[in-house]
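Read through the structures below before going on.
Note that chain A is present in both complexes that follow, paired respectively with chain B and with chain C.
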Partner chain A sequence: MSRSQPDSSIMVTVAAIAGALAVTVLLLIAVSSTPQAAVRAFFIGPFSNRFYLGNMLNVFSMLAITGLGMAVAFRAGVFNLGGEGQVYASALTATMTGLALASLPAVLGVPIALVVGMMTGAVIAGLSGLFRYLWDTDELITSFLIASACIPIVDYLIVGPLNDQASNLLTTERVPLAFRLPRLLAPSHLNPTLFIALLLLGAAYIALFRTVRGYEWRLSGLNRQFARYGGIHTGAYIVLPMLLSGALHGLAGGLFVFGTHYATLVGFSAGLGWNGIAVALIAKRHPLGVIPAAAAFAYLESGARIAMLHTDFTFELGTIIRAVIFLFVTASVVPQLQVGGRFNWIAARFSRKEQT
Partner chain B sequence: MIYYAIEVMAPLLLAGLGGLFAELAGVLNIALEGMMLAGAFAAIVTASLTGSILAGMLGGLLAGLLLAYLFYFVGIRMRANIFIVGLAINLLAAGSIPFLSSAMYGTKGVLRLPNVPRMPGLFVGMETGFPLIDQIFFGHSFGVYLTVPAVLLAGLVLQRTPFGLRLRSTGKNPETLRSVGLNPDHYRRAALLISGMGAGLAGSLLALRLGVYLPNVSAGRGWIALVTIYLGYKRPVGVLIAALCFALAEGVSVAAQGVLQIPGTILLSLPYVLTVLAMIVYSAMRRVGPSDA
Partner chain C sequence: MLERTIPADEIPPGMELRHITKRYPENDVLAVRDVSLKLRSGEIHALIGENGAGKSTLMKIAAGLLPSYDGEVCFKGAQVCRLVQQHPQFIPQHQVWENLFLGIEPRTRWGLLDQDAAVQSFSALAGRYALPVAPRMRAERLSAAQAQLAAILGALLHDPDILILDEPTAPCSDHETALVFGMMRSLRDNGRAVVLITHKLREVMEVSDRITVMRHGRVVKSLLTADTNPGELSALMIGEDCQRSESDRRFGFVRREFGTQSGSHESVPEPVARSGAPTPPTQPDSPTQPEPVFELRNINLVRRGRVLLERLELRLYPGEILGITGIRENGLEYIEDILSGSAEPNSGEVLIQGQRPSRYTPRVFRKLGLAYIPTDRLIRGASLSSSVEDNMILLERKRFGRAGLLNRRASASFSSALQQRFGITAVLGKPMHTLSGGNMQKVILSRELSQNSPVVVFSEPSWGLDFRSSERVHEEIQRLSADGVGIVLISSDIDEILSLADRIMVMYKGSFTRTLEGNDRVRDTIGELMLGLEVEQTSAAHEDSRQSTFTKEPRQ
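For the complex of A and B:
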């Protein structure tokens, strides 16, 4: 596993981020008529004023939660590739709950709405866990497929029955003023989600590394057969991690509504789920590693978004950055890794199916 | 409806057959979707530049091939996690096509280029008068008539040639291959390149039939192609039957859209729902019945 070769895996991580930086700079130079300004904006833009800095920190808090959601699943050896749809669908249910409970005080209404969001995410991801538990259906593919099936349905609901008639935008109604989380660094979007994210990371670290259940959780991820031999109910560690992973994505969706947008807009999850996977991989699936990984990613994304203002046309630079990071992040540059390394780990995943 | 289903089946089948090679060599190619999308974009661009359908198909094929080589290089040569590489390639296609499209033509939306020829229907005028037979056999676009030879060729190569045998043993037990002095990576590479060509060609059929490039024209078909491999019990004829089933399902759902007034957006989720159901049935059956693979 990657953790047994700390030196080379750090090198790979650095190579991944350096590769993403290089590709970004090259693309910016290629598409901008003022390349110097664009590259400058990419590197120092996120720190240049309160607005950009606060927004970057807000992106960081969101990515920390989705990244943690991925990391806890990866730790147990299960994969949740449906983060994107889970965030989106949960945002919608949280928004609707918030609107329905508008008459309640915020201290009651917001938590209830967040819980509904978490439950939505948990159900969507949990299904894949359940299918794997019952029928050995690969949760990696079903989680992606189920979440992808949710996205057009949510799109339809926002544009159709749940559309805000008062606005011309593709959005739901906005949640009541009292339900909106306070802004910490106005006019930026930064809000208390930052503290919630940091608390969750700390709690996850303690739960995974300082409790018996966390030990069983990690052991199931390292070697499921060995864990079963040791008397651990490994079936539970397929469904539970998916539920928790989905719940964290649901929480991210809910907080994105109450902290940042106050409504669900079409397509507003904007890569939160995909980036969460990249963050978890860079973090080497460690809760505390999520902090630098999410910070690096938030910086890249924010810089790219600001630099876009200096280019001649807009495009999804974020998607390309993500692709480059994925391409680099698990590649092994050290020959020794080829034998006992990650490839065999993933190969073993598949041969397991062949041997049944 | 049957005519439509046959048209829909062709790209699914070509992508599925290509993916079958990769699957049998032990590399699950989840980048079929991205390769199809790249193939569709490249096909329209080349067809517009050359004014030729065949050149367009070749362009699509090469785009798939290029991404497949990238998949091989990072996933097999550099020993990266093949899932993450597959995702990366899907993202790369989804991210770089709008980029190239705006850089070259100034739009990232629907790409309607001059000079793209219409895909001609073949065997028009040979109709027998029986609607069912006519709808199945005659007047289809060129790509449809590639499918049956492709199934036969795939079956022949996989079952009757030393190359096919070695490719299959790469997936089953790479050590055997190594023990006779062959390098399994060569077969993984060949299989991936074949899957890239299949998916690229499939994408080119999608786009050339419409004559325009639509953003996200593949709409989840790469994933369904992946599932036809499982549902077809990893055999070329099985892939054909599975692809036909999905194509009929799509035909029914498009027809239902008109009759039942189901919003079109919701239908976009249908391929994914069907794929999940198919995977569950496949897994559950495998548990009950005799193991095949």
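For the complex of A and C:
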């Protein structure tokens, strides 16, 4: 087996997305005074000019990286519910590293800052993996708690000691000009993160499905007892996936700074971590599945934002539509995870108590 | 209720199946072909046949569990038909009674759940049919045999007119089997129809009134138990007129002749006379004996304050088949975990080929030369959602690595070589759960035996297999032993142990009672040791300190 076979469940996901869109249109028609314009803005808006298209692709690249971060953890049967906090905290450490290394050439400074960001995420998530390995605490809970605790701390640091005195915004100082990634479709935010994301997805696909380590990784996720029985060091496949998942979220945080915002703003990661989970689920935990999943999410997200700018489409309505989409998609995806019946990866979680 | 005095032919049928045909469209298998069958009240009807003969499918249709089929299922009035499936499923975190009363919960006057009533009626039922299951036990702590009994009680709660049992005795020891049979007879005597799906002919002969043999989805023959014998039945099941002779018999079955062995009836493996294997050591300490390949020294296992294994000593020599038997719940599953490195003993030593494992994990045990065929094939022994090939290469995965990349071409040719050698009917790229039980076990065997390990631990290797498959497994065990491999065979099936093992160690309450060798290996002695009769006689054991769930009365 080298790929998850396309099957009817993909059709179910597609149908769910279509259903969500239908509800969206109905909502727009019901609520908006200019329904035609709203629908057009929502559906065609993202492609109407370079700015919107670029921004949509930028959202896509960010979601692709966080979605991949979730998918690799899910594949090993571990859950990282702290993506949000990991993105946020790593963005801050990456920013600070960038500011501290301002005197270095960008080719050195940016990679170092990104690595620091990745390490931040890896440590935050890796702790949960380590705890589970050592004491069998549930990494789903601990990753959520640890990362949630990070958010107010980062908030405080941005508003307090690390605030940019020169600006009135709730933000850190901006990284030096030389450190900023080039714009690809100016004036949009699109930057080389897009290529990095695609490269990572391809690399993850090969690593998971074409290597011995990937075989062990997936087997640990599918059936940890079996993997242990076969002599696979299953403890390692609790800690490693959490480290990697955290590192990918950290990378997303760092790239968000150097590619999009050039600074860490209070709450700027909103949704990247959570939506990453949804993307990974829609993608069926498959690295290549992340591409359409993240694209669909980015499209809907951008559509709502553009409709908001151009029509009487309100912010709340945008939130409702996002919720509807989320609801439809998860409703279609989550039962599929149990289609395998008794021996799916969720069931495996419940039987894992005996072994680590 | 019908009286047993009515002649069998005049009893109105409990249920009649007419021209049932079932095709599984997903793999285009014709599982049942034009089968007509009467399930009479007041009768125990055995349905036998090899794996895949269509028995289970037919009975699922009878129980109304399969919606689409051709043909008719007829019965008079409102009849309750319950099927107890082969691997009963429970909500693991819930107690037994909560599982079984799901959907039929008794309620108090206020409409609240009446726990006491549920537990009481469950206990009454368990008492009436003498099936010892504790209603308040969490389902995940049930042993396979207890789970089976619990599932049967769950069906009985519905007071069925027709009770269908699919391989109910697969996880049961002789003792539990006797309990299940008692329950079946009692139901029959109350005028219910009981159907027993099985492939254990001895059981069929013992308990059934009527036998229907199925093969390839068709009924081969329906006959009265009194009019037949195991020889005829096995011939009907296999569908070939094999030659039969007394020396070919094992388990009361007819031994199939395989090409190379034909014509040499005398050499049919009676374990004692087996050639090629070294004589089983009678005096382990004598200097001429080879070194043991596997050794347990004073192993103790305690979990949550309960002593599970106590002072176990074991020595296994090359070429020897060492049988460990006992009633389940007496430590068989724990000794399996100790022998395979799945659990760490609290004290004592394990030596594999004279070496101490650095840690108690299957990984280290395997490195020291152990192969292991587990009881639990569905979770421990296989990854059901992985492909067959991925299941086969588990132990060889490193060999297929080239600079970290998995060489799929090499792994595919490795797998198809194994597939051919073991005669596995499977598509290598398909998920493991598409395989039949027999083929699944063959995949596990092929993987474990591909390592040429000097020690192999088999645990319940023929559970749930039809006899052709279990014959295959037994042949494989004997071949290994002839090659000088040391084999531990854990099995609660006395027949299996008797026919294969050179030495037999019987477990009772976590300890070995006695080791039987040579002519001591007698069925009755083993049975008594399993029930702890000897222990109780010699040690005048304190009855009140016992926690076991089974009765201690001597059988027969």
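Just so we're on the same page, the second predicted complex is superposed on the first by the 296 of 356 C-alpha atoms of A that agree within 3 Å, B and C clash if a C-alpha of one lies under 4 Å from a C-alpha of the other, contacts with A are read in each partner's own complex, and residues count from 1 in each chain.
What we mean here is this: a residue touches a chain if its C-beta (ideal position, glycine included) is under 8 Å from a C-beta of that chain, and two chains touch if they have at least 3 such contacts.
Keep in mind that what you see is a predicted model, and the values were worked out from it rather than measured.
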Task = Mind telling me which of the two, chain B or chain C, contacts the most residues of chain A?
result = B
Request  = Check whether A:47 is in contact with chain B, with chain C, with both or with neither, and answer first, second, both or neither.
outcome  = neither
Request  = Considering only touches as defined above, state whether A:136 meets chain B (first), chain C (second), both or neither.
outcome  = first
Request  = Classify the contacts of A:229 with the two partner chains as first (chain B alone), second (chain C alone), both, or neither.
outcome  = second
Ask   = Thinking of the overlay built on chain A, is A:195 touched by chain B (first), by chain C (second), by both, or by neither?
value = neither
Task = Could you look at A:216 and tell me whether it touches chain B, chain C, both or neither (first, second, both, neither)?
result = second
Message = Going by the contact rule set out at the top, does A:323 touch chain B (first), chain C (second), both, or neither?
response = first
Inquiry  = Identify the residues of chain A that lie in both the chain B contact region and the chain C contact region.
reply    = 342-343, 350-351
Key: chain A to chain B touching residues, read off their complex   = 27, 30-31, 79, 81, 131, 134-138, 140-142, 144-146, 148-153, 155-156, 159-160, 274, 277, 281, 313-320, 322-327, 329-333, 337-338, 341-343, 346-347, 350-351, 353-354, 356
Chain A residues within the chain C interface of the complex = 1-2, 206, 210-216, 218-219, 222-223, 225-233, 340, 342-344, 350-351
Inquiry  = Going by the contact rule set out above, which residues of chain B touch chain A in the complex?
reply    = 26, 28, 30, 70, 74, 78-85, 87-89, 91-92, 94-96, 98-99, 102-103, 106, 108, 171-172, 220, 223, 226, 263, 265-270, 272-273, 275-276, 279-280, 282-284, 286-287, 291, 293
Ask   = What residues on chain C touch chain A, complex-wise?
value = 89, 92-93, 340, 342, 361-363, 366-367, 372, 374, 378-387, 389-390, 393-395, 397-398, 400-401, 404-406, 408, 429, 431, 433
